[in-house]
Structure formats: C-alpha cells, structure tokens
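One chain, chain A, appears in both complexes that follow, with chain B as partner in the first and chain C in the second.
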Partner chain A sequence: MTNNELIEKLKGIIAPYIQDEAAFENLNEDTDFVKDLKINSANLVDIILDIEDEFDIRLENEDMEKMLDVKSAMAIVNAKLDA
Partner chain B sequence: MKNRVVITGLGVVAPNGVGISEFTKALKQGKSGIMFHQELADLKFSCQIGGIPTISDELKSKYFTDLQLRGFNSSGILYGCIAGIDAWKDAGFDSNPDSELDYDTGLIFGTGTSGVEKFREAIYKLDEGQVRRLGSTVVLQTMASGVSAYLSGMLGFGNQVTTNSSACTTGTEAVLMGFERIQNGKAKRMLVGSCSDHGPYVWGGFDAMRVMTYKHNDSPEEASRPMSATASGFVPGSGAGALVLESLESALERGAKIYAEVLGGEVNSGGQRQGGTLTAPNAEAVQRCITKAIQNSGVSSNDINVINGHLTATTKDGLEIENWTKALHRNGSNFPYINSTKSMVGHCLAAAGAIECVASIIQLEEQFIAPNINCEDLHPDIEAIVNREQIPTEKLNLNFDVIAKASFGFGDVNACVIFRKFK
Partner chain C sequence: MVGNDIVDIAQAQKDSNWQRPRFLDKLFTEKEQEFIKNSGDKTITVWQLWSMKEAAYKLYVQKHPSRFYAPKQFECVAHASIWKVNYKEFSCYLSIKKTTDYIVSEARLIPHKMTSELVVFKDENLKSQRQVLRDKLSERISKSDNIWTNTIEFQKSEFGIPTVKFDSKIMNLSLTHHGRFGAFAF
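Moving on, here comes the complex of A and B:
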C-alpha cells in the first residue's frame, strides 16, 4: 500500500469523528487528531477500534498512546502490517 | 416570598403519539399505542405486547448528529432527548450547539435504568474477553444520568443537572423537584421529565412477577384495562415526557406562552409499613400524600375537578380509587372526574409520571377529559364508591381549572402534583 492509499483509508476512518472540516480538507501527515481535527479525545479509542477492523490488526495500549497524529498512525499501521 | 412556577413548554414521546400535536390527537381519539411484538413471543414472554413509540431514522437525525448515533443503543436516552429538546423549543428557546451557557436553567430528568440494550452488548463483549473493544460510549449510555448528560450538553444548561429515580413515581417526582428549585429561587427554569427504555430486558422482570397481562396477546389494543372488571395486569410501555418549568416572573418577562401553573404537591413514602411492601402501597401514606399535596397547593379538596390517576390495570386500581375517595372526602357523584392515560399507552414505568403529567397539562389546556378506553365493564368495587359518570369512556369536553396527578412506585413511594389553569 502506498502512503497516499494509506492516508485515504485513514481519512475515511476518522471522517465521522472530526469537528474541524477545514483542517480535515487539508489533512496531511502532520495533522494532529485532537489539536487540528478537534476530535474529542474520548473518540480516539473508537478510531483505534475502527483501524483494527479496517486493517485486521491489533493495537496495544502503547500503540494507542503514540497515535496522536496522521504520521504516527501511519507508522504504527505499517509496522503491524509488516510484522 | 416563594416564586410562583408555571409551565411554558411541553414535549412527549409516547407509544400512541410522538410530539405534542400527535399525542393530543391520540388522547382525544382514545387511540391505543399497544402492539404485539414478535421478539417477546420468541423469548417466551407471557405478555407479548407493549407500547413502543415510533421513531424514524429521519426523525432521529434531527436531534442527534451522525457521530452521536455511532454505536448508540439506548432507547430511553433517545426518547428523553427528543422530548426534552421539543419541550425546550416549545418554550420558545433555541437548541444549537454554540448557544451561550445558561446558568439560570437546570435539568432534572429521571429514569429507572439506562441503556439496557447497550449494557447487554457490553456484557457479551466483556465476557468474551473483549473489554478493550467496548468503545467510548458504554459508560455514557448506561449511567443512570446518561439522559441528563446528553440533554444538558445539547442545550447548554449551567444550573443543577441531575437524574432522579423512584420507580414509577420518577417523572412526577422530577416535576416536584424542579418546582421546588424554582420556588426557592435557585433557578429560573428547570427542564424536568423522565424516560424509560423499551424491550425485553426492561420488561422481563415484570413478566417474571406475573404482573403484566397475558390474556390479550391477540387483542393488544384492548389489553390495558385500568379500572375494568376484566383488568388482568398492566401492559408495559416506554417513552419520555418533558416539561419546562419557569418562574412566573421569567415567563411574563419573556412573554412566554403559559400552559398552566404548578400549585404544589407532595412526595412521600409508606415506609413499607401498615400493609405497604416493596411492591404494595401503604394506603395511609398514599392518602396523606394526596391530602398534603392539596394543602401545599393552597386549595381545598373540593377544588379538584379532574384526577389523572396512577391506575395501572392491576388488582390495585380499586384500592387507589378508595384512597382518593378517603383523601378527598368525596365519593359517588361528588367524586371528581378521573382517567388513566395508561389505558392508551400502557405503563411506561419510569417514564409514566412525566408522560402523564404532560397528558394532564394538555387536557387542562384544551379543556377536555381523555377517554378511559377498555373500561366499559367498570370494576364493581369501583362502581360501589364512585359514580360511573365520573369515569368517562368517551372524550368529554369540560371547562375546568384544577387537575391532580399522582404516581406511585415500587419501594412504596408516592408523588402527587396539582396543576391549575393559569390566571
């Protein structure tokens, strides 16, 4: 999967949770889930579950703590897929 | 000097009508909202009928965002939010997520239990070792105060926000709690009401107690028979009712429409003494509750024109009527008119008090008495103490000023509130 394909998939997953449309339109690797997209921090656990379902992987508590922006999400998903 | 308290907004989600205009029409027509539910039959319930409000996905999306509806499975919160928002808008206010925080308005919205279907989902997942996959909203949907949490956020209330719980007395108790808060100057407005989930996981315990009727699975609309000689148990219902209570001063200042005045009321308990038990009322405490409610309202028992009873269609209806006759010192043809909204909607449990308070206000506002359906065969014990004419089976247009509403609940708890046409 190319980086662009991965970003598109992540975009589809987080779309229901975002509270800032403009930041979402301009989403890139540096976009922060809470600071930029204004996602309610409680919803981060729902995003984790949706990512698990989409990629058929399992994310641990430690992964979740690191998954604060698009870049870190991509790195963790890629690492799991390669494992 | 205590503040006078009036009602300036109403909302309702009932099995026979969602929204005030549809519910008003249903009350006038004597329309039943009771239906057969295959799910209950499949689960081997004795009572396979019940009252469930009809809520389309389209209607849902007018009150909840797509995000709020993700993984949402709490019918009580759904009903409560719809009724609450409707009441708030009916009172002339806006519902928008950016509204200014309103420290003068609070919320007391009761329930018996919250989100049982969501709780069931969670328990299954948890027992499979999947606690990490419950998602973020199990707590919010299953905590008793879930409905208050959702509603107060939607409306931006900054006064007291809480949930009360007192079985089938809950809604009427919430009205009185909000009333007292405004009366004592602690808030200008209180959105009050109650809600109840629908379905087998709420109703099953009652089925097991054999207090719901099993005789009308093929005639659901005739099943809920308060005061009838052939009453054979209650029919379970669900939904929500909501009222905006407001200080008279604030209502007049805003030029708000005033439905009625809350004159006063009383909440008490029979303490499970003198014949009272966890499930049966102490008759003396019931009578005292009614008597005190009238005293606290500054009226006399002869001023009561109409009663909206608790009257569930169990064997206790006769005792309730007897308690009213003793508390009011009125019987025969001198007894007020009385009706039971449950004949049309069933027993909506924790939501009953609020839905029936809304029904009472509608009847007062539009000057009619809704028919008691299914009690053409009035119970002889009741007919022996109250004239049949006082228990109308057809809609009756009537000019009247005062209606008393009472609710009684498991745990031997009682509430009675007195509403008067505003003048």
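Moving on, here comes the complex of A and C:
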C-alpha cells in the first residue's frame, strides 16, 4: 500500500468523528486528531478500533499512546502490517 | 493545580457506543470493567470513570508536560467512597458531580470539594462555546482577583496545556466542554 492509499483509508475511518471540516479537507501527515480535527478524546478509541478492523491488526497500549496524529497512525499501521 | 472534565450524557450516548466489541477493554482495566459490570447504571458508570481518567490526565500533564493517549493506564480506585486515579507513581483525588444530564469530575493532588463551575451553552458551535467558556472564566477571575478582564490573557502550551496570565502572574486552570455543557476550575 502506498502512503497515499493509506492516508485515503485513514481519512475514511476518521471522517465520522471530525468536528472541523476545513482541517479535514486539508488533512495531511501532520494533521493532529485533537488539535486540528477537534476529535473528542472518547472517539479516539473508536478510530483505534476501526483501524484494527479495517487492517485486521491489534494495537497494544504502547501503540495507542502515540495515536494523536495522522503521521503516528500511519507509522503504527505500517509497522503492524510489516510484522 | 486542577484538572477537570465534563461529559454530556446525551451527547456521549449519541457519539459513542461503549458496548461495541473491545471498547471497554481498550479504555478500562479489568478491575474497572468488573466495577462497570456490577454497577446499577452501566452507561453512567462508564462515563463517570472516563471523565475521572480525563480529569486526572489533565492534572498529570500540568505536573509533567507531555501529551499521550493512555486512558487504560489511568486507573480509578475507590477507597471507602473516596475516588483516586493512579498512573505509574502519580496519584490524585477526584471529586465527582452527577446529574441526569452530565457528569463532571475534578482532579487535585489533595482531597478537595468540587470547585468546577458549570456553563450551559446556548450555541452548538464549538468555537463560540470555547469563547463563552473563556469569557465566563475571565469574568470569574476578574471578580476574585479584582482585575480588569482585558488584562487576562489565555495561553496554551505546545502540549495543549492551558494557563492564564495577568498581573505578571501565571495561573494553572482547567477548562472542559462537551455537548451542551462546559466547566472551568482554577
């Protein structure tokens, strides 16, 4: 999967939880889930569960700790898919 | 130093399905899950424990500037009707207020009475809610410290930790908003 394909998949997963449309339209690797997209912290766990389902992976506590922006989500998914 | 967090129960019910598979296991320790299972109103208990963890996290990052997502590792523990949240060597006391509409939790390093003041929003827009909350807090500080509201300056650190500056004084505080409700404490 290319980085662009991964970002597109993540965008689809994140979409239901965003509260800032403009930031979502400009989504890139540096986009922060909470600061930029204003995602509620209780919904971060939904994003984590959706990512697990979409890619058929399981995230550990250490992975969850860093799940605050698109870049970290991409790194975690890539690492899990390579493992 | 204080951390607080409010949950609008109707909003939480709309935005989250805590019954979805693995949801509870991602956020709560085994003991907490057991406590939820045995509680009268599981939905209320889920959001109470959640808001306690959030309040404790907001206090923790003021003491240890950082940013991370580790709700499961902030464990809620009840000692004879006194709630504490523990994370590694960090520990804090919680006061909780529950109504049928919202739950607000307040974390401090010592046992305390709730000081968080509630704000009910008329507008659903996030940006305007944030402004209303700041305006109310400014009014409150200006009264208690006898200063002009326009000398109060809101700041946020790189980790998103809020402070207010006035009279060359920097004060820690906590702001929270969710759905129709907000609250602040300092």
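We take it that the second predicted complex is superposed on the first by the 83 of 83 C-alpha atoms of A that agree within 3 Å, B and C clash if a C-alpha of one lies under 4 Å from a C-alpha of the other, contacts with A are read in each partner's own complex, and residues count from 1 in each chain.
Note that in this section a contact is a pair of C-beta atoms (placed from the backbone, for glycine too) under 8 Å apart; a residue touches a chain by one contact, two chains touch by 3 or more.
These figures come from a predicted structure and were not determined experimentally.
S.K.: Return fit or clash for chain B versus chain C, each positioned on chain A through the superposition.
M.R.: With chain A as the common anchor, chain B and chain C collide in the superposed model.
S.K.: Would you check which partner chain A:35 touches, where first means chain B only, second means chain C only, and both and neither mean what they say?
M.R.: After superposing on A, A:35 lies in contact with chain C but is clear of chain B.
S.K.: Looking only at chain A, is it chain B or chain C that touches more of its residues?
M.R.: C
S.K.: Looking at A:78, would you say it contacts chain B, chain C, both, or neither? Reply first, second, both or neither.
M.R.: A:78: touches no partner chain.
S.K.: Quick check for you: in the superposed arrangement, does A:45 touch first (chain B), second (chain C), both or neither?
M.R.: In the superposition, A:45 contacts both chain B and chain C.
S.K.: One more residue to check, A:65. First (chain B), second (chain C), both or neither?
M.R.: Only chain C is touched by A:65; chain B is not.
S.K.: Based on the A-chain superposition described above, do chain B and chain C contact any of the same residues on chain A, and if so which?
M.R.: Of chain A, residues 42-43, 45-46, 49, 52 contact chain B in one complex and chain C in the other.
S.K.: Touching chain C in the complex: which residues of chain A?
M.R.: Chain A reaches chain C through residues 19-20, 34-35, 38, 40-46, 48-49, 52, 61, 64-68.
S.K.: Please output the residues of chain A touching chain B within their complex, sorted ascending.
M.R.: Touch residues, chain A against chain B: 16-17, 42-43, 45-46, 49, 52.
S.K.: Under the definition above, what is the set of chain B residues touching chain A in their complex?
M.R.: Against chain A, the touching part of chain B is residues 66-67, 70-71, 133, 135-136.
S.K.: Help me check something: in the complex, which residues belonging to chain C touch chain A?
M.R.: Residue positions touching the partner: 12, 15-16, 20-23, 26-27, 50, 54, 67-73, 126, 160, 178.
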